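To start, the structure under review is shown below, and the notes come after it.
Chains here go by letter, A, B, C and D, matching the order in which they are written, and residues are numbered from 1 within each.
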């Protein structure tokens, strides 16, 4: 490094101390995130100090309480008007507390709560050596099938670390859509990604697949975040700042006091465009849009089903929140550049997800592809670039996430000797054997298919309407076509469950504890309420549909 | 008085309803109910007739408006009746002959356990037929028109267990439907052009309409008439219709229903008067049919089918007359009435013969029956004389008039039509004499054990009717059957004279149909004499062929024409090849198309979607690195696209 | 010298890392390639920070190192457990789930 | 705010469905009776609607819908819970409410569970609950005066129908249930996918309409007139709507789902499909295609008429070619729907009144024919025409009713369908003579397929398999008799119906700004 550089560093560092004023943190408005993160840390301590027997209860209690508290905090903030009138940038411009942020945080927290319920479920697997077990490995470190594993099972170990991990992930997700500068964005991304990688690896059954899923997710995730980071770097290089507001000003050229360096980089659109593209790509990876979707099926299939459910719901919410903020706050000046591209992505995602799903034979993979297709639908709302677009996406995310959690929760119930019976052929005649479960699952499938009077339809209508008003009629047509295709495989599952004869050695339906029941019931209720009387929630999303800049 | 008109229809309709819904408990009395109600409508008809006679010629028409049937914007169809002299003539004929045949059926259907139902159908027929002739608009007429079609369908197929009967019934209905198409199109044309289809307005409006339109309507009406009256080219059903019980053949397929076409044309006279071409078509159809039917009648060995052929040809006469316009209308109706008497009589006679001969219909297995069934013989004989136009009997008057009128048409047409009519008269005499001789004279061919007839089953289905092949014991029929025959015989003897002498009938109908005196190129007397002459020739020929030599029990192969005539001049074969086979092929291929093409397209898209899915699915090969490649490529494309967007 | 060259270097490193991810089979190596990409980013960040004369970029670089460290922890844990159960660290062997 | 009669008419069966579904598995018969009573009560409400309905009603500001109810529902989508009826709607509501009790009664034993099923499986309850659910949704879609509201029930209807088709087949297939069920689920899936596809295309158009109009309310349109849209937009939207309705109706070449569905479903369900559910399609053509997109409708008329014509002839010809009784009736229905659509788009008062009457009459006549056919099939356990013969001898009443059903199907004068069919023909003829004439061939073909069917099944020598066939039972008579009576009554005296329908048709005609062609002689005078 040249002497000049060193000198300049020195002079910068040598600025008088009194110029630095202590950072001002609005703890109240950050409370949801802080509560969850704090609880996560406590959770780690619990792992360290609480005796093994009572850890499970302590962790479950802690998680539920903290999430509930955080949710209460979100509600409180929203009711105090922090979502609308008092919305603002906090933590020295690092974090935005506004309508979308609060709405998505609320959604994530509820999803997380339900996630905790499904995590804590211990009635599904048969009792091993006299102690109830959940769907996580007794000891993730022990080699599958080895003596140490048997020993761990015998000793009744449980991986209660999943709860703090879950809390960390939720914390990151809460931060992700609220992040108001690129650094925070990146950190939040990692904070919720890393725990998820681990959570994928700790399935109790089919551990090899679980580990494989984790590896794939991890490597590809790291790969993607590298892209994200490079995009961040380029954007930073272009705008000379990581704060959304500044970048936005630079992008639409409304910035004052242009330094010569800035003037130089501003001239270089390549920085901006490439950076934006790479950053967006990182987010598209998280939402599972084609062609960045390929991790989704494998990971969804391999991961422990409760994790899959949580991941499918919450990750999408967080990632789409971040994407929205990025596109609406940072890059509106660029919309003529990214809209066509996003059009294309949305179209291939809708069609790709729907088409490939047709020939799936594993229920979890099927849902994975359906989630891809749904990502496409949501993108259709994203590119509307209107207030309606934002609120429709928010609504869709809310509607979608609970259906997803519910659906995966149902998947955990259908079991045979080898654990969950996820192969479709095993679901044949489920409707004959246990009509209620099949009916509930059918409701979820119909919601996915977007049949009227379910939340899926309201959501789909909202986003398509927004897209059409945004002049994206083509997207709407492709959308309805792909939902027609998608309908086909949802119907196939229903046919399988109701119209084909049950196999004699078919799976049994385990009777879950109130925890899972709550998760499923909540899913059903949300599905129907949002389907029949969505107005209130549409209003909510509508009020929340304004980003603070 | 007008309010009685509805009763004419209601009475038999009521009968039909009661009998068909009544169920088994009415089996015992069913036939009486039916007969009484038929008679009732005859009585009402008589009362109205008397009342009508009491009035002057002009105010004899009465109408009764019951209710508005289909009131739709710009479309008024009412259920309303119109009873004028024309309708009255039919009412009396229908209800009169109808009642007689009811009586006859009591005896004839005695041993049939479904007799109640039979009477129900008969009543249904009466109701429909009366509706047809009483309606005051074409749409209501159409109801009666199809109603009689239904009744005839039910009655032809009355012995449904016989596939032949069921087929014949279906055939009759279908062929009629083709005709009905004509009627409905005619109604549509009227509505489109006149905005109405009630007789009054339409017939008035004809004055202000172009000839072309009237011709169109006329031809459509002719099509309808052909279907109902078994005229060429829609005549094929009548022969098979003989599958029905004989009273049915007598009532529906001789006396009344088949004459509906004549009624339609005469009723629509105003339209045809305005459309010479249509009239010509009518006369041609009539002429062709009268020869066609006559020829067929000569070849048939089945007594009923022979009579059926004759019916066809006689109606040909009527149609011909109707086609002649005002000079012919009256005679058409007159011949219709007289024909109603003698043809019904002949059929009842035939029925009575069959009754005595174990339902054998093959005349070659008859012979010398006159001494076994004298009454039948006498009545049948009188009917025979009447139909061949023996001077003084009713057929003579009516047919002769028609032939005159045909000549009176004038020009070559006149000569041709008249010639055809004369020729027809000769052939009529021939085949009727043949029937007479084969049935009642000659040696008793039924003596030796009857062999199952070798002739093709299509011609001889009735032979296995009740299947017993014991030697028959011919005997006279019960009085319930003979009395109607006697009454009809009276009709066939005197009706003609009663109508013809002093132009009574002309004066009676003139106000409705109008009448013009035709002047044949030769004197009326010449025509009459030649008619008689050809009649004598015909009889002579027949006698030479069937009276002198014995009749072979097994039909000889016969000339080409004979064989063709036995097969209804190959008309059925034509239908079979062209319509039935063709239709079968068409439908079969369409079914195939529907399954492969129309459905195939959809299933094809579904399949191809599946195939595409399968192919895309293989990209998901489980290798993390290939996933990374797709991400990398995706990122590259994304970047390139963004830059491109800016570039363009 | 022109700081842009640092960017070229960064881009080069990034590409090398990316292609390493695409080419190498051994999970550990793949992971190392990812780390290389991250460090390429760091270089870029620092370079830009220097160009603009503010510290944001360098701060991010620090954060990145921490994140990288965290990733190492998580990643190695996962990879090692996979290695132990399969006795192979090849990412291509880990292809149970496909289609 | 008066008593919300329309809502009640739809809500009653909906609640009834829930109640029926809730009946415990053992109390099968109770469920049946409950369903029957509910449907009868609904019929009562429908009658009340008929009574309260005033044909000559002239609404404020030209809003011709009656018994209206209007509440905000989803403001963000501009969706209102808006109900209202005109003559056409009333007629069809009455038809629906009328047919359902017969459907339930006819299907009394169709859903009795086979012994092999576990006790938790409650097919009977499900069957009747689903029927009631369908009734509720159909009635609502006849009442809805809000495009979105209509769309919702138009789509939601599919789900119960789907389960009815796929879940309950002919008892004919007691043996080899497996085969039957695969056939069935294929039919069910086909039904659902066809209609879902249509519906989704329509969804796009619905959204487009909202973007153009900013609201969904037909009543608003009736008051303030149509939003002005570009010709091309209007045409695209029209096509979107029409496609969905043409699938539902069904119109050639979108018809192939109907034969499968009707063939595989039990007779009552088949009746439900063709007599009730499909009517929503034709009704919607009148209500939405013509009233929302008059210009586009006129623009598309020639093509649609030709398609309708093809449906008429094609359906009839295929009916002739069928070996399966139910499929035959299905193709006959396709032919009849051709007539209905032709009448709608002929754009004459006769045509449209005829079409509306046709919807009602076809509903009744098909119900009569199909239900009797169902009774027949349930006795012999086969749908193949070839397996029957001489039934008339052993079961005269059954044969008689079957014959009357057939005659109604070939629209014999004196029976209800004749009136409507003739009106349609006349109405078409006055404006499109050639099409009208070609269509009349349909009546000949109709005679052909019905009579062939009757002859092959009912007449001829008695087949040994049918020799022991019992005649109609009381329950079955109770089903058939009223339908036949109605057929005859409406055939002789359709005035009550036409009085209701005519004003509505006049309204539609004025909406599309079409005048009947005038007869020239009248003009001359």
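We take it that a contact is a pair of C-beta atoms (placed from the backbone, for glycine too) under 8 Å apart; a residue touches a chain by one contact, two chains touch by 3 or more.
Only a predicted model underlies this, so the values are computations on that prediction, with no experimental measurement involved.
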Neighbouring chains common to chain B and chain C, by label: A
Chain ID, smallest distance between chain and overall C-alpha centroids: D
Chain at maximum distance from chain C, centres defined as averaged CA atoms: B
Winner on C-beta contact pairs when B-D is weighed against A-D: B-D
For chain C paired with chain D, centre-to-centre distance based on mean C-alpha positions, whole Å: 65
Distance between the centres, which are taken as Cα means, of chain D and chain B, whole angstrom: 37
Between chain A and chain D, centroid-to-centroid distance (C-alpha), Å: 46
Distance between chain centroids, defined by C-alpha means - chain A, chain B (Å): 81
Residues within chain C bordering two or more other chains: 18, 21, 30, 91, 94-98
Junction residues of chain D - those touching two or more other chains: 193
In chain B, residues with contacts to at least two other chains: 606, 617, 620, 622, 624, 628
Which chain pairs touch, all of them: A-B, A-C, A-D, B-C, B-D
Residue ranges of chain B touching chain C (in the complex, touch as defined): 617-618, 620-625, 628-629, 632
Residues of chain A defined as touching chain D within the complex: 391, 432-435, 446, 449, 451-453, 457-458, 461-462, 464-465, 468-469, 473, 476-477, 479-481, 483-484, 487-488, 491-492, 495, 498-501, 533-535, 538-539, 542
Residues of chain D defined as touching chain B within the complex: 193-194, 252-253, 255-256, 314, 317-318, 320-322, 349-350, 353-354, 390, 392-393, 400, 407, 412-414, 418-419, 422-423, 425-426, 429-430, 433, 436-437, 440-441, 443-444, 447-448, 451-452, 455, 458-462, 492-495, 498-499, 502, 505-506, 509, 516-522, 524
Complex contacts: residues of chain B adjacent to chain D: 20, 67-75, 79, 139, 142-143, 145-147, 150, 153, 157, 160-163, 165-167, 169-170, 173-174, 177-178, 180-181, 184-185, 187-189, 191-196, 205, 208-209, 583, 586-588, 590-591, 594, 598-599, 601-602, 606
Touching residues (chain side chain A, partner chain C) in the complex: 2, 5, 8, 12, 140-141, 143-145, 182-183, 186-187, 190, 194, 197-198, 201, 207-209, 211-216, 218-219, 222-223, 226-227, 229-230, 232-234, 236-237, 240-242, 259, 261-262, 264-265, 297-298, 301-302
